[in-house]
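Chain naming follows the written order as A, B, C and D, and within any one chain the residues start at number 1.
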Amino acid sequence: MFDYITAGESHGPEITAIIKDLPAGLKINIDNINKQLKRRQQGHGRGGRMDIEKDRINITSGLREGITLGSPLAMNIKNKDWANWEDIMTVTNKGDQNKIKAKRVAEPRPGHADLPGGIKFNHSDLRNVLERASARETAIRTAVGSIAREFLANFEVEIFSHVTGIGTVKSPNWLAIKEQKNITSIKEIREYFNQVEQSPVRAGSKETTAKMIELIDKWKEAGDSVGGICEVIVTGLPLGLGSHTHHDLKLEGQLAAELIAIQAIKGIEFGGGFKLAEKPGSQVHDEIFYDNDKKKFYRKSNNSGGLEGGISTGEELIVRLPMKPIPTLSQPLKTVNLDSKEPAEAAKERSDNCAVPSASIVAEAVTAIVLAKSFSNKFGGDSIKEIKNNYNSYLKQIENY
Amino acid sequence: MFDYITAGESHGPEITAIIKDLPAGLKINIDNINKQLKRRQQGHGRGGRMDIEKDRINITSGLREGITLGSPLAMNIKNKDWANWEDIMTVTNKGDQNKIKAKRVAEPRPGHADLPGGIKFNHSDLRNVLERASARETAIRTAVGSIAREFLANFEVEIFSHVTGIGTVKSPNWLAIKEQKNITSIKEIREYFNQVEQSPVRAGSKETTAKMIELIDKWKEAGDSVGGICEVIVTGLPLGLGSHTHHDLKLEGQLAAELIAIQAIKGIEFGGGFKLAEKPGSQVHDEIFYDNDKKKFYRKSNNSGGLEGGISTGEELIVRLPMKPIPTLSQPLKTVNLDSKEPAEAAKERSDNCAVPSASIVAEAVTAIVLAKSFSNKFGGDSIKEIKNNYNSYLKQIENY
Amino acid sequence: MFDYITAGESHGPEITAIIKDLPAGLKINIDNINKQLKRRQQGHGRGGRMDIEKDRINITSGLREGITLGSPLAMNIKNKDWANWEDIMTVTNKGDQNKIKAKRVAEPRPGHADLPGGIKFNHSDLRNVLERASARETAIRTAVGSIAREFLANFEVEIFSHVTGIGTVKSPNWLAIKEQKNITSIKEIREYFNQVEQSPVRAGSKETTAKMIELIDKWKEAGDSVGGICEVIVTGLPLGLGSHTHHDLKLEGQLAAELIAIQAIKGIEFGGGFKLAEKPGSQVHDEIFYDNDKKKFYRKSNNSGGLEGGISTGEELIVRLPMKPIPTLSQPLKTVNLDSKEPAEAAKERSDNCAVPSASIVAEAVTAIVLAKSFSNKFGGDSIKEIKNNYNSYLKQIENY
Amino acid sequence: MFDYITAGESHGPEITAIIKDLPAGLKINIDNINKQLKRRQQGHGRGGRMDIEKDRINITSGLREGITLGSPLAMNIKNKDWANWEDIMTVTNKGDQNKIKAKRVAEPRPGHADLPGGIKFNHSDLRNVLERASARETAIRTAVGSIAREFLANFEVEIFSHVTGIGTVKSPNWLAIKEQKNITSIKEIREYFNQVEQSPVRAGSKETTAKMIELIDKWKEAGDSVGGICEVIVTGLPLGLGSHTHHDLKLEGQLAAELIAIQAIKGIEFGGGFKLAEKPGSQVHDEIFYDNDKKKFYRKSNNSGGLEGGISTGEELIVRLPMKPIPTLSQPLKTVNLDSKEPAEAAKERSDNCAVPSASIVAEAVTAIVLAKSFSNKFGGDSIKEIKNNYNSYLKQIENY
C-alpha cells in the first residue's frame, strides 16, 4: 500500500500524484491536506513565488464523500501561474519560439541537476531538466504525506519537526530539548511543537528564531543562500515496523532512501547519529526496563532514535537531515555555455534563499509515507476496520509476550 | 540486474546468496572474492571468531569455467564451526534440548535487534533473532559485492575506502587528504589506498593508526567497545547514473537505503554532508568548467560528493558512514529477563570490540552492488560485449554533447 | 521504464494515469492517442455511453512541445457526464443523500467484482466497488498503450489485432489466415488489418462480420450478452526480449499478467496454445533455418507464437484472449440483497452487450506497454537517440553471431 | 512475503532457492517436501534421469528444529550425477576441454530456449543456455511450493491437480467430474484426488489412464513426444485475495504470470476459460445465494473458476494449463549449425517423452506460492500466531457483513 508516483514540471499546468492502493474507509479531511500545503509554503527565506501559489489540493479519484474507496487516489495542484508559462512550457503544441528561446537555459547551474540531467537525457535546453528537478515537486509529495498522516492518525501516530540549524546558528536537538525542558508526556510534546509552528524558521525558541532570521537576511543581502538542519520526531509508533531479517526490509534503509531523495538533502542520521561513533558502547546503547503496570518494555534513553536492528523499538523515531544551501544565487556561480563551451555565469531562476523550514515539512510528509507503507505491510487488511482489528490484536499479543 | 537475496544464521551451516540476473560473459576471479572476504575479516579489534572462520566462497551455479552464464549465481560460505553448533542450531531435527537451553538468550541485549525482533516475530529464545541480525551476514554481502566489483572493473570503476574516525580519534576526510597530499591522478589515489591497506585500522597515516589502536585497546581493557566513521570513494563512475525525474530513481537514495542497512550504521552523508548545512551557497556548489582537450565538463571542487539532483556527475563519489560501537560488551548493560520480567544483565556473545575497519570493506561491497545495478539499468544489455558497446556509444554521445 | 499507475472511477470526474519514466526525446502525436481512444469506443454491441464519451486525452506533464522530457507523464480523460454524477460520486463533499441512496447498489451482480470487492473492502454500497472495477478504466490504459506504441514505432515494431470469435461464430486465427491468403510481407499484413478496421466487429471478412453482428443483435434482443476471442499480432519485434534465466523474467509471464488483467478476460494462449497439447512434438516445434542473404535465422512455422523459453524469437508474437460475456444483462441474474439477505435480481447498469472489438484494442495497448517495458529493459538508455544506438549495435551483433 | 529466487544449472552441483521472508513459527515437515519432490519425479513418460535423481531437499537456513525463524530460508537439491559432469560444467576452474567440446551444443533445438538464448546472451555453446532453461529447475520451485503449501495448510487451504488431456486423449474437467460423481464435500474431493495419485498419468479413471499410457508409449516408440493439459484445484481459499482496484493487483494476473512461466506451458484459463467466450451471459455468470446457517454467500455454479474482478470469491479456484510436447525428440528436428550456418539435426539431450503428470505437480507448487504470497499480503503479520489472529478476525468480519 501507499505506492505512489508523482508527476509535473515546476511551470507546467499542474503537479499530480497517484497513490496506488489505500485501505478503504479512511476519512480524508481536505482542509488538513491544504493546511500541510500551506505549512510547506511558509518560512522566512522563501521567494516571491510563494505569494502566487497558495496551493490547493484537487482530488479526482479514490475518494467518495471524503472516504477512501480502496482504489487509487489521484490528485493534483494547479499552477496558478500557468497562463504566463503556457507558451513556453506548452505540453502538446508548438509553443512561442521567441519566448521559448528567451527562457532557454544553456548555462548549467552548479549544485542543480542541470548538467548531469542535460547530458544524460540529451537535452539542449536545460529547462527540460530543471523544471522537473525543482523542489516544486515536493508540494505534491506533501499532499501524499498528508494522506499517510491521516491514516497514521487512526493509530495515534503523530509526526513533528523543527529546525535545529540554519547555517552556523544551531539549536538543541530533540533529545537535548526533552532533557532541558523535562518533557515527558505527549501533551508537553505537542505544546513544544505548537511553539515551533509560531516560529517563521521552525525553531524551538524566540532567541534562536531571531538569530536564524538575522543570518538568512544577512546572506540574502549578500546575494547568497543558506542551508540548515531539520529533525523529524514521530510518537506513538508501535514496536515492530521493519525487520532485521534482510537488508532491504530494514526500516532505516526505507526511511533513508525516501528522505535523502528530498531535494538538497545531503545526508541523514538516526538518534545519536554521527556522534555515536565517538562514544564507548556503554554510553550509547539504550538499556532495557520493564513497566509492570503498562506490561511494557521501555527505555530511559533513546540514542538509537527508535530503531534497533532495522526494527522500530516503540520509542520515538528521531531523524535528522542536513540541507545544503539553495544553489540558485543572486551572485551567480561560474559555469560553461553549452553551445560555445565558453565560461559563463549560471542562470538565475527566481528562488528562495533559505528553504530549511519548508524542507522540515516535506520531511514530515515523506516520513509519514514510509511509515504508513511499513505499517500497512505489517498489519495487512483492506479496510480501516480490518486494520484496526489486526492492530489491536497485535497490541494484545505484545502485552502478553 | 544484480537483484539478490542473502540467507543464513550466524551459527548455521552456511550463509548463502543468490544474485538473480547477471550479464553473461563476465569473468569472475574466485581469488578476488576470497581476497575481499579476507579483507573483511581483518582489522584491529576483531574477536576470536575471525581465527576460526577464514571464509572461502563456494559458487554453485551461474558460472562455468569462471565465466557468468547470465543465469542466477548462487554461492555460500560454510561455517567452519558448525560441528560445535549442530545440536543447538539444528535446522530440521529436534536438537539437544540441554544445549539449546544452555544457549537460549532470554535477556535482550540493548542496541541489538533482540528485543524488537523477539516481540515482532514472537520468539521466546532471542537466539532466533540474533543469529540472523548478526553482522556475520555481511560476509556474504561482501561476496556479492565482489562480483559487482568485477563487473564494474570492466568499465574502469574502482572502489576504495578508509577509516576517518575511531571513537574520538579523527583523521582527515578524503577531500582534505587530496588537498593536503596534492593527489590528482588515479595512480596517486591507488598509492594512498595501498597504504591504507597496510594499516590494521584502515587509517591513512601511521600516527593515526597508532592512536586508533591505542584507543581500541583502552576500551577493550575496560570491557567496552568503540565505533567510528568510514568513507567510501569511487573513481571512474560515468556521468548519468540515477535520475532527477522521480524520488525513487535518485542514486543517493538507492545508495543510502543499502548502506544504512549495514549492521550498526546510524547515518550517511555525501560529499560535504552535514557541514554543507553551515556554509553559504557560494562556498558549497561546485562550479563548472570545460576541458577542451578531453571534451569534458569538470569541477575543481567536489562538495556534492559526485551527485547532483540524484545523478552521478562523473566526479568521484564520496560517502561517509558513522558506525555505533558494537553493542555486545564485556561490561554488560542493564536489561530485563523475558520470563520473570525482572532486571537482568545482557547476554554476552563472543564478539569484537571494534568493527569499523571491517564495516569499511562491507561498505565498499554494498556500494559496488548499488552502482552495478544502476549501471546495468542505464546501459541495458545481456552480455559484457553488448554492455561495452552501449557504454562506449554513450561516452561518444557525451563527448559530442 | 513504462511503470505506470492508473486511477479513476467510471463516473468520477476523470480517469488518470502517470507513466513513471519514459525516454527523453520521444515524439508523441496527440492525434494518434485520440485515434486509439476512438478505436476503443467503436464496435457493434457498445451501449449508449459511447455516444456521450468521445474520449480525448489531456496531458499535463512529461511533455514539452510534444516531445518527452524523460520525466513522468501524467494524463487524464475527463468524464463528459460528470455534471450528472457530481452529487452522487462527490469526491470530497457530502453529496446529495437522496441521489446517493437512489444509485446505491445493494444487490451484487454475478460475474462482477461487486460481491468479493464489497466484502473485502467492507463497503455497504457496491457502487464503491463497481465504479473502479468497470472497464471504463481501460480507456486510460489504452492511452498509456498509445504512448508505448509511439515508442515501439521508432524501432519498427507494429501491433495489430482482430476478433476471431463472437459467441459461437468463429473465424480463422492469424496463422490460418496467413496461410489461406498467402500473406508474407508487412505490406500484406497491413492490408489485411486495414480491412479489419472497416469491420464493426473487427473480423477479417465481410461474411464473418455479418454473422457476428447477427449474433450480437440476437442476444441483445433477448436481453443477453455475448463474449468472444481476440488475437493480437506483433511484427518487427527483435529476438531477445524476456529471458529463460528466471521464471519472473519470461516474456510470456509478463504478457499474461497484464493481458489477463483486462476486464472479463478469462485466459490466454500463445501461438498454437491449447491445441499444441494435442499434437506430437514433431508437428509442433518450429524448425530452424538460416537466410544467408539477410544473415538471419528464421522459421517457416510459428506454433510457438514468437516465444521460446521465455524469449522473443524474432518471429511474430501471437496472443489469443477469451472474453467472457459482459455480466450486466437486461435479463437480470439471481442474487441476494445485502441488507435483507433475501433473494433479489442483479442491478442493471447501462452497458454494452458485446465488448469484444473494444477488448481487442485494449489488448493491443496492453501488449504495447509490456513490450515497451521489456524493450527498454533490454536496451537501456535515457534518450531515444541513445536507445537507437544501443538497438542498432545489438542488431549488428546478431548479424555476426 | 514468499519472494524467492531460484538458481542452478541442470547438470551443475545443485539447484538452490532462497525464500526471502516467511512468517516465524511455521512448522516445516521435511518429509512433506521430499514427498512433493518425489511426486514431481513420477509419471509415465519420464526418462532415465528420474532414476538417478531421487531428489532430497537440504535446508541450510531460516529454520531451527523444523520451525521457521522469520529469516530467509535457503535450500538446495544436490545433483547426484555431478561427479560425471564436474569436468564439463566446472563452475570456477578450467574444465576438461575435450569433454567440454564433446558436450558442446552448436545446433539449437527448435522449441527450446537454445537459439534465442544463445543469441541474446552471446553464447557460442548453447549448453550455456539449455542447462538453465531445463525443467530441472522446477524441482526447486516444487520445494518452494511445498513450503507455501505448509503455510496454507494452517488455514485449511488445500491444493489438488489432475491431468485432463494427454495428446488427443481427453478426460473431463473438474467441474464436469464434480457433477458426474456428485462430489460436494471436501472428503469426497480428497477421495477423488487420492485415486488420481494412483494413476501414473494422474488421470481420474482407470480407462483414461490406460488410453493415455498407450498414447505416450505409441509416440515414444515413434521417437516422438506428447503434451497435454493439467488442471489445478484449490479448496478452502477465503474470499478476498487479489483486488479489482489496479490491474497488477488482480489475482488471476499474478497466477498467470507464474504458471505460464513453468517450462513448456503455452497458455492458461480460469474456470470455464475459452469456452465462456461461446456462451451467452445468462449461462455464464455464477448466480449468488445466501446460506443463513453458515452466514455465507455462495454459488451453485463456478464458471468463474473462483475469481471475479481479480478477487477470489471463496469458491474453488480452478486453473487449466496446456503443455506443449517436450521438444527434445529422438527423431530430430531440422536446425542450423551455429559455426557453419549449414542445415543440421537438433541435438538430443536425454529426456522424457511426456512430462504432463510432472507439470501437474509443479503447477500445484507454483499455485501454492502465488496464493501464499497473496494471502500474507492480505493478512499481514510476522508470526503464524499473529496471522491466525488476523485471519480469524477477518472471517468474523465477513460473517457479519
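One rule holds for everything that comes next: contacts are C-beta pairs under 8 Å (C-beta built on N, C-alpha and C of every residue); 3 or more make two chains touch, one makes a residue touch a chain.
All values derive from a computational prediction rather than experimental measurement.
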| item | value |
| --- | --- |
| Chain pair with more C-beta contacts, B-D versus B-C | B-D |
| Chain whose average C-alpha position is farthest from chain B's own | C |
| Between chain B and chain C, centroid-to-centroid distance (C-alpha), Å | 45 |
| Centre-of-Cα separation between chain D and chain C, whole angstrom | 27 |
| Centre-of-Cα separation between chain D and chain B, whole angstrom | 38 |
| Overlap residues in chain D, where contacts from two or more other chains coincide | 5-6, 20, 69-72, 120, 122, 132, 240, 243, 245-246, 382, 385-386, 397 |
| Chain C residues within the chain D interface of the complex | 5-6, 108-120, 122, 129, 132-133, 141, 165, 167-168, 219, 222, 224-229, 239-240, 243-248, 250, 252-254, 256-258, 260-263, 266-282, 284-290, 292, 297, 299, 303-305, 308-314, 320, 322-327, 329, 331, 333-336, 338, 341, 343, 397-398, 401 |
| Contact footprint of chain A on chain C as seen in their complex | 3-9, 12-18, 20, 24-25, 28, 30, 59-66, 69-74, 76, 89-95, 100, 120-123, 128, 131-132, 382-383, 385-386 |
| Residues of chain B defined as touching chain C within the complex | 20-21, 69-72, 240, 243, 245-246, 249, 376-382, 385-386, 389-390, 393-394, 397 |
